[in-house]
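Some notes on the structure that comes next.
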Amino acid sequence: MSEMWINMGPQHPMTHGLWNLRVKIEGELILDVDPEMGYLHRGIEKISEDRHYNEVITLMDRTCYVAGLAWEHLYILAAEDALHITPPERAEYLRTMCDEFQRVGSHIMWYAAFVQDLGLMSPFLYGMRDRDLVLDLFQSYTGARMTYEYMRVGGVRSDLPLGFTDRARRVLDWLTARFVEYDQLCLGSAIFRKRCDGLGVLKATDCVEHGVTGPMLRSAGMKRDLRRDRPYAVYDQLDFDVAVADGADVTARYLVRMEELRQSVRMLRQILDWLDRHPGPAMAEELPRWLGAPYAPVGKEGYLLKRNYPKGVGFSSVEEPHGEAQAYVVNEGTEHPYRVKFRSPVFANISAARQYLVGYHVADIPPIMGSVDVCVGEVDR
Amino acid sequence: MGGAVEAKEKPNENPILWVARPMATAAKQFAKSLVRPSTIVYPFERLEDPKFRGKVAVESGRPIGVGEVWDNYRGVHALNIATCISCNLCAFSCPDLCIDMVTVPGGDPKHPKKCPQIDYGKCSYCGFCSDACPEGCLTMTTRYELSVTKRADMVYSPERLHEVFRSKLPMNPIRLARPENEDAILLDPPLCIGCNACARDCPTQCITMLDVPKPDAKPGEKLPKRIWKEPVVNDSDCVRCGTCISVCPKECLFWGTRK
Amino acid sequence: MSNLTLFSVSDLLVTVLLTAIASIFPEPIRGWLTNPDLLLGLACLVFGALLLAASMLNTILLIWWERKLLGRFMDRRGAMHVGFAGLLQNFADGFKLFKKDTVQPREADALGFYAGPTIYMVTSLVLFGILPISSGWNSGALPLTLLLALAVFSFAPLFIFVSAWSSNNKYSLMGGMRSAAQMIAYEVPLLLAVVAVVIVAGSFDLTTIVYEQQNYWFWGPLFLALLVFVAGMLAEMERIPFDLPEAEAELVEGWNTEYGGMLFAFFMLADYLRALVGSILVVLLFLGGWTLPTWVPAAFTSFPLAGIFWFMVKTYLVFGLFVWIRASLPRVRTDQLLRVGWNRMIPLSLLSVFLAAVLVTAKCLPVFGCVPSPGG
Amino acid sequence: MQPADLEAALRPSVGAHLLGTEPFEGTAGRVRFAREGALDVFRAVKDRLGFRHLSMVGGIDWVDHREVFYVVWSDDARQYALLSTDLPAADPHVETASSVWPSANWHERETWELVDIQFDHHPDLRHLLMPDGYAFHPLLRSFKIHEPEDLEVKSRHV
């Protein structure tokens, strides 16, 4: 066969979302790739300019549909920075708990989608089954399974229900036992190792050059984790290790994510213990007064303008399950943010696709792209 | 804070046995699910049924479900028409603009009573409306089955929402606490023309028009011919809905801190 | 029992019916109707129809069996609502596919596009007519049934490739290429593994091979050949871990990407027919066919149709093994598959042939606790 | 690292194009530079200061002018830094950063199509999120979102 371009997407089982990977192949060999994004562009940054600060939270859940709470946290950190608000400590712990549960949910979801790309159907269903327990927990304290709308500027919407921490610990016990099974099904399988070892190699220097972050970067042996290097929320009070591997290939990414799952469980146990011991308010008491009635009509001028509220620029960066996400919120003294800009880690990870796909086979695309953990919602925003 | 841990495979997960280990794991799961698979046969088995939850938890060994706090679920709204004060806050707070205030019988002809009508084709179940509702009459229930055959059926009139309320479904108890020191409605007296619009439309009737001393008129300024009145807001009854601000023709009401 | 075969049943049926009908008519017509050639032709037709019905029913049952088994492997239930335990689900699915439009891509080659699935289906059905399900299943007159079966079995890649190429789709073409490469690569070890069986059994006739196993099944002495045969069968049947030609994640649906409706149903049915044939071959060649070990009490083997019953039980268990493999292993890559096929499977199968020859010449078979039958 | 450190390290190699540094909460500081010195600033920030990782490029439309900001991260200092430059709205050109940080490629494509900022010598300035040939720049303040009522789709069922 001579060279030809094939479109993998936007309707293709490999893509896990709406995007198109144009691949130039010769036989089964990949000569060039060109990712095409934008099929899921909803203009979240533009819509945010017309919304109250709290209303943007509803958009954040739709940014990444497997890591909604992490994105809420990202936005809230930047918004509070821009609006000069400090949340109470318990709210910080609750948010960190959200982050880590979200990481567990997202990584399990990643595992399910990734093994399904390799043709492994049963671990896919095991993964979906176990993620459901995390979603049950989310539902019990946020009220929804995927679109949580839990965090608010200045705190969180509600405190935990009674008996939550005990149930959460039971779920963590169950999940920890399942992680062993996951490893048996993947690492214990010679075919899996044959498929994944030495595949999609992206060295640490290339990762840094091309802005690749998250588990992909750590799988290349680089010990960078914002939770440790630039602690936000209460990560500086938690005891955890940064998972790194040195293979820089698909197996290494698998190992890093699995280790992160274990570390997340370790952190969650500490957080749950803290939450049990320290009751308190989950919402800032010294909230600016306008946030009490943020939705009512405000007259011709903006709420904040009328109150001479200080302007500000907020910048935040969190270690999202997929990598480092950043938000940049400009507060110009109106009740709407003037400009919201998000940096999605998957955006940068996909943009380097040429670096880790060219030279492999067509059959390697699903495992490699699977190991990138693509979430198109946050790429296109 | 810990250091870095090298993620390595455990020795017992090496593929020494080629494919035997994954096959053994699958067989273990097979044996387990012969007793009871984790599937919940949805229309026949429901998670919100506590009896069923216990059964599944025992049979499959999974810490399944959301326990006793299923009530927190944000599903279809329930509206208690009797206590609704037509304050409009739910409609203002809706990010998707899916709430319309429509007239319901029961108000007096001059000031018809208006209650929210929700278009579930647009609703995103964020719960901002029930957070904003000052009277607690608009809450969210655990009902989640909404499939209909016509798009028009997605629109729930206040009466339909009231039916949901009467069906005694568990109500979502979560409500965002309102800060103690909320802004109050303040008046910019020189601008006020005493038109009574705010007091007329105030849903809680917390605005009274009181006679005030006639302000000093500047030379040549035209004054209204009626008796001079000025709105006075009772802060403890006020729900901060802002209706008065939006109806004020002169924009003389605004948010601020009461001295 | 042994003289009552499926063909004799259909012959009897036709004779009785035609004689009854003919008795109504006056002499010349009665003579024509009871013409032995006509009787034979009609008997063949009825025989074919019975075979078709049996194979189709079994295929559909096999799909149900896979769905239920796979469901339990995946911690779910499988089909359960249509009919008892979802037995009728596949009929419902088939009916749905039957109702659907067949969409032919604009630039597709019509002849290949339609002929491909049809011939694929037909060759798979022919296979079923060759295999003896029990001692009384078919006439068993052919001396080379095993060779014929494998020859017909290896028709498939050609027609898969024809239908893939003529659907004018890059994914189909790649799937077709892979399918052809894979099937050819695994044809050789498959045949060599069969050679081992033939050496031990001394016959190409499947019925004879089964009778050779009356005292001892071949899976013990020919374990290596069994392994090679099962692996080769998995590749021939295009099931996980060797389902690259229709690897969903990379090739959408491989060579049947462009097929929908009844043509897709043809492919699907033929795939499962081949899976059924594969399991049957494993049972025939290695697991003693419809026979049971001699130590089994006679009560288990003497009831009517016991042969067919035990044969089906074995077949479904063998297929259950394939399902188990599918539930727990990922698919391999094309080059790895071919490398394993040419570099590992062929030496292994040669080794198994050698072992079989050694077993026969050194008369080692009794080591496995079995006495060769007088004919062997 | 403090804003003063940034200034001290950048001043020799960038010179007059460095307009100043200011503190920015949560980062090492914000560096303001004139667009003429963009490439010098990028090189100095990457090579002299060790900010090897470019996280984000974004644009802000301030109506009278436009601003491009770059967020960079240094693994040694474990800190972010912001670089920003103002561009006149009539002529929003700036030199591309993708020759220094390859990761800027897609970020600049996005900024170009959403905020209408031209990146000179960009290797591949195509549409990324919007369809090819899309003539508007949605994140400009002049681009108004339709009210949802205007977009209401009339269903045949209603």
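As written, the chain order gives the labels A, B, C and D, with residue 1 at the start of each chain.
In this text, a contact is a pair of C-beta atoms (placed from the backbone, for glycine too) under 8 Å apart; a residue touches a chain by one contact, two chains touch by 3 or more.
Model, not experiment: these values are computed from the prediction.
Top contact pair of chains, counted by C-beta pairs, is A-B.
Distances between chain centres, each the mean of the C-alpha atoms, put C farthest from subunit D.
Chain closest to the overall centre, judged by the mean of its C-alpha atoms against the mean of all protein C-alpha atoms: A. Distance from the subunit C centre to the subunit D centre is 64 Å, each centre being the mean of its Cα atoms. A separation of 61 Å divides the Cα centre of subunit B from that of subunit C. Remark: subunit A and subunit D have CA centroids separated by 23 Å (rounded to whole angstrom).
Here the spacing of subunit A and subunit B, counted between their Cα centres, is 27 Å. Among all residues of subunit A, those that touch two or more other chains are 122, 126, 129, 185, 189, 191-192.
Touching two or more other chains at once is no residue of subunit D.
The residues of subunit B that reach two or more other chains are 19, 22, 25-26, 29, 38, listed in rising order.
Subunit A meets subunit C in the complex at residues 1, 4, 6, 8, 12-14, 28, 115-122, 125-126, 129, 185, 189, 191-192, 194-195, 361-366. Per the touch definition, subunit A reaches subunit D in the complex via residues 37-38, 41, 43, 45-47, 50, 81, 208-213, 222, 224, 229-230, 313, 315-317, 324, 326, 328, 330, 338-339, 341, 343, 347-348, 351-352, 380-381.
Across the complex, subunit C is touched by residues 19, 22-23, 25-27, 29-30, 32-34, 37-39, 41 of subunit B.
Note for the complex: subunit C touches subunit B at residues 71-77, 80, 324-325, 327-329. Subunit C makes touch with subunit A in their complex at residues 70, 73-76, 170-171, 173-174, 177, 240-241, 243-244, 247-252, 326-336.
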